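The following pair of complexes shares a single chain, chain A, combined with chain B in the former and chain C in the latter.
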Partner chain A sequence: MFIRTEELTHVYMPGTPFAATALRGVTLAIERGSCSALIGPSGSGKSTLIQHLNGLLKATAGRVVVDGRAVGEDRQEMLKLRRRVGLVFQMPEQQFFAETVYDEIAFAPRNMGCNPGAVEARVKQALNQVGLDYGKLKDRSPFHLSAGQKRLTAVAAILALRPEVLIMDEPTAGLDPANRQRLHDLLKTLNREAGLTILIVTHDLDQAAALADRILVLNDGRLVMSGPPAEILTRGAELRRLGLALPLLSEIMHGLSERGLPVNTAVFSLDQARREINRVRKQGATL
Partner chain B sequence: MEVEQGEGGTVITQPIIKTEGIKYVYPGEAGEALALAGVDLTVDQGEYLAVIGPNGSGKTTLLKHLNALLIPAAGRVLVNGLDTAIEDNLPVIRAQCGMIFQNPDNQLVATTVEEDVAFGLENMAESPVQIRARVAEALKTVGLEKLAQHPPHLLSGGEKQRVAVAGILAMRPRCLLMDEPTAMLDPESRAGVLDTVRSLNRSQGITVIHVTHFPEEAALADRVLVLDRGKMIKDGSSREILTDLSLLHSLGLQGTVAAELAAGLAKDGFTPPPGLLHGRELVEYLCSSALKS
Partner chain C sequence: MSRNITLGQYLPGDTFMHRLNPRFKLLSLLFVLTALFWLKTFTGMGILLLLLILLTAAARVPYRYLLRGLRPILYIILFTLVIYLFFTKGGVVLLRVGSVTIEQAGLFEGVFIIARLIALVTASILVTLTTTPLALTHGLEFFLAPFKLIRLPVDEIAMIMMIALRFIPTLMEESQRLMRAQMARGADFETGNIFRKARNLTPLIVPLFVSAFRRADELALAMEARGYRIGARRTRMREETVTWRDWIAVTAPAALLAAVIIYAL
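Let's turn to the complex of A and B:
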């Protein structure tokens, strides 16, 4: 198993009146090459969990194991871990600081001690991977890019580490539908063609179902569900109880099903929904 | 609509927001396209207005003009008749038009929730008794009275955003400006914030101007504006705009899921009623007519 957590527990501000337990004995596993989505209501522990996966937080109890090594045992290992597990925070473009797109993306490779030629190769490759034009953008200010380009630049800055795992917290927050689609396509390509292990954190079951091969559901610091989207999405009542809205399409399909139409409610795209409704119509006609 | 008794008994009506041909370019981006390229907009007291458009179309820029965070390079903005370019008007304008940003972490300043909500009032030099009463009232409205003593940074995203809303409400604004207020929230928190805002609009007549990328959120509004490259290219009812898929798709936007699915089904020989906007309408149509044999 590539990444696993064993009875991982995290308490913020322990021993104070504001002590808050964010994770309560979470045991989970993420396979190499998989694309998983971590969902759960606000305050369920999602952001705390991903910060453990690249060693930004220290476990109060339990442990995290990445590729056979326990996280947090020695400093050199920790530095290596942070290169192997790239973490893109929410609204990452708010952390831009460099004057050019080149310098923004070159920051990590330079800190890794790469020589100028290697830095340039990494910047070029990272921009290329996210579908941005190196020649056109390298000297532009990252602050003056469009919203979609900013987000892609922030992803490129992490890809320049050449990580094996890419973790993105709310990858599409604040993006319009066209940019959202572009980022989805990018994540799929990185996962399926470049073989990156991907974990996204999202509030959006639509997004989780569209991208991930596995959905992990956290609630109140505990892992409460885990499985492929088709299985998770059939547990509508439980998801609603957790305050997680079903994908909008599933809501419509559940609405039809509740009115007695024999539709399959686990649909992930408009086309699937359309086919399903047409199928039911045909059946009705032949009855 | 604001109604005042003018001289000689004539009734003067005044919109809460009026922009006249406003243009704006961000500093340091001279020579680039205008962020706003001449926007004329009139909003009456009590309206619930959604603003949609692709990233970079000028939505946030427009919103920031409505409480004088930005001053137009050309044209003018009147808030309740007060020109935002006149500095003396700013305290009144900012008390009347409160802004909720995308990320509540950028907006919370104090060490406890109630101090945070009181921040605006303290700056307005209200009396302590008055401040206490209004803070309690605002926290009750957003359903956070139990968290009054908590440090805001330990709340969940949805709770933080409701604290930000309470901080604005305590100032008793006439107008709530919201820039993608739910982008960082989970579905339940999102519903909580939207319900709060919708009921403030309905019961207290607070004007709402809501920038969003979610068609389902825009569908909560009565009226929807569409921006593209700094221009307002469409202004209409939410039903009219959010079911105009050829317009939305040409801008890289989407209609509501129900409208999109209905359009697909229309190609398969279904005849959904025009203007179908909400999921429940599609379910109703399919169950009551289309699929009934």
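Let's turn to the complex of A and C:
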């Protein structure tokens, strides 16, 4: 297992009247090269959980193991870990501070101590990976880009670390459909072609089902379900109880099956759904 | 997080101290502080300290919160005590090392002064711990009201204070989040000398300013959309009520002050 948490518990401001338990004994595993989605209603502890995976938050109890090493106190180890596990925060464009896109993306490699040549190579590669034009954008102010470009630049700023794992908190929050699609495609490419291990945090099951090969469901600080999308999506009633909306396709297939059409409800694309419905119709089933 | 914020150190609770009308609470604090300065005897100081201990217990404030509030003045306390011990002379000589003496008067006065300091801070902390920043501002607004006569925009000043107090925790939270976000990009806020540290803060301060300005803009718009106009008379959704408890809370310290003055305690 590449990343593993064992009975991970986190309490914010322990020992004060403001103490709040965000995670209650979460044990999970993420495999190298996988693309997982962590979903759950607001306040379920998703953001707290991912910040443990690169050591930004310290566990109150339990531990996190990355590539066989427990995340501990050692500063050097911690810095190394943060390079390997890249974490893109929610609305990452809010962290912009540099005057140019180049400097913004160069921040991470410079912090790593890369020489100017290596920094440039990393910036170029990162912008390339997210599909932005290095020549056109490098001298622009990151504050004056379009919303989609801003988000991609923020992702590039993390990719410049050349991480092995990319964690994104609400990757498409506040983006329009076209940019959302673009980011989806980017995440897929990074996973399949660049071989990055990906973990996205979302409360959108549609997004989770479309992208991930594994879904982890968090509720009230506990891991309540985990498995491939096909398996998770068959537990519609439970998901609805958690306040998570099923993908529209699943709703339709569930509806058909409840009304007596013997369809397989585990479909993730319009195409699959059409084929599935045609299949049962050919077998003579009607509503 | 908000552990480090001294301004918003309100401790939620539902005791009579929490429920007191903020104006009355501030007024009684004023009486207690005046009494403290008027006190001359250990008897009087003892009564007042006992009263503060009882109030702390009644407000269910853990003692460690008071101790934490006293920490910043620890050196002032020590310094004061040392000065009094060595420089106030009179009474029996308690200790003599060469030509340096510690005499009875020095010990007594030193202890008295630091008791006064501690009581002073404790009383103030007790009020801020049991009053929301918002209520505190309402209280202050009332006491500033006379300045309206000299055309001081008291309502606006109170509004500014209220907004500032309201946004301190928000900005603290935001800066924590930003700090972690930049640390994920390898930023270092801990090592290096002071100049390096200051320069390393740029990735924190620029986004913080950007978001503060954006927030201010949005807030101004939202306030105007709800009819806020400068100079207009505002009413409150929750009028502060005055109960017999408030009258007791203000007359008791007033009586104490009177007793201190009359009986020269």
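Please note the rule applied: the second predicted complex is superposed on the first by the 284 of 287 C-alpha atoms of A that agree within 3 Å, B and C clash if a C-alpha of one lies under 4 Å from a C-alpha of the other, contacts with A are read in each partner's own complex, and residues count from 1 in each chain.
Basically, a contact is a pair of C-beta atoms (placed from the backbone, for glycine too) under 8 Å apart; a residue touches a chain by one contact, two chains touch by 3 or more.
Since we're looking at a predicted model, the values are computed, not measured.
Because the two structures share chain A, they can be overlaid on it, and in that overlay chain B clashes with chain C.
When the two complexes are overlaid on their common chain A, residue A:18 makes contact with chain B and with chain C alike.
In the superposition on chain A, contact of A:248 is made with chain B only, not with chain C. In the superposition on chain A, A:277 contacts chain B only, with no contact to chain C. A simple residue count on chain A separates chain B from chain C, and the partner touching more is B. Shared-chain residue A:237: touches no atom of chain B or chain C. Contacts of A:86 after superposition on the shared chain: chain C is touched, whereas chain B is not.
Listed for chain C are the stretches 63-71, 171-179, 225-233 or 243-251, of which 225-233 clashes with chain B, judged after superposition on chain A. Shared interface residues of chain A (contacting chain B in one complex, chain C in the other): 12, 18, 94. Chain A contributes residues 12-13, 16-18, 51, 54, 56-57, 79, 82-83, 86-89, 92, 94-97, 107-108, 111-112, 143, 157-158, 161 to its touches with chain C in the complex. Contact residues on chain A toward chain B in their complex (touch as defined above): 12, 18, 20, 40-43, 90-91, 94, 144, 146-148, 170, 173-180, 203, 243-245, 248-249, 251-252, 255-256, 259-261, 270-271, 273-274, 277-278, 280-281, 284-285, 287.
Within the complex, the chain B residues that touch chain A are 28-29, 32, 53-56, 102-103, 150-151, 154-159, 180, 183-191, 213, 216, 252-254, 256-258, 260-261, 264-265, 268, 279-280, 282-283, 286-287, 290-291, 293. For chain C in complex with chain A, the touching residues are 1-3, 11-12, 177-178, 180-188, 202-207, 210-211.
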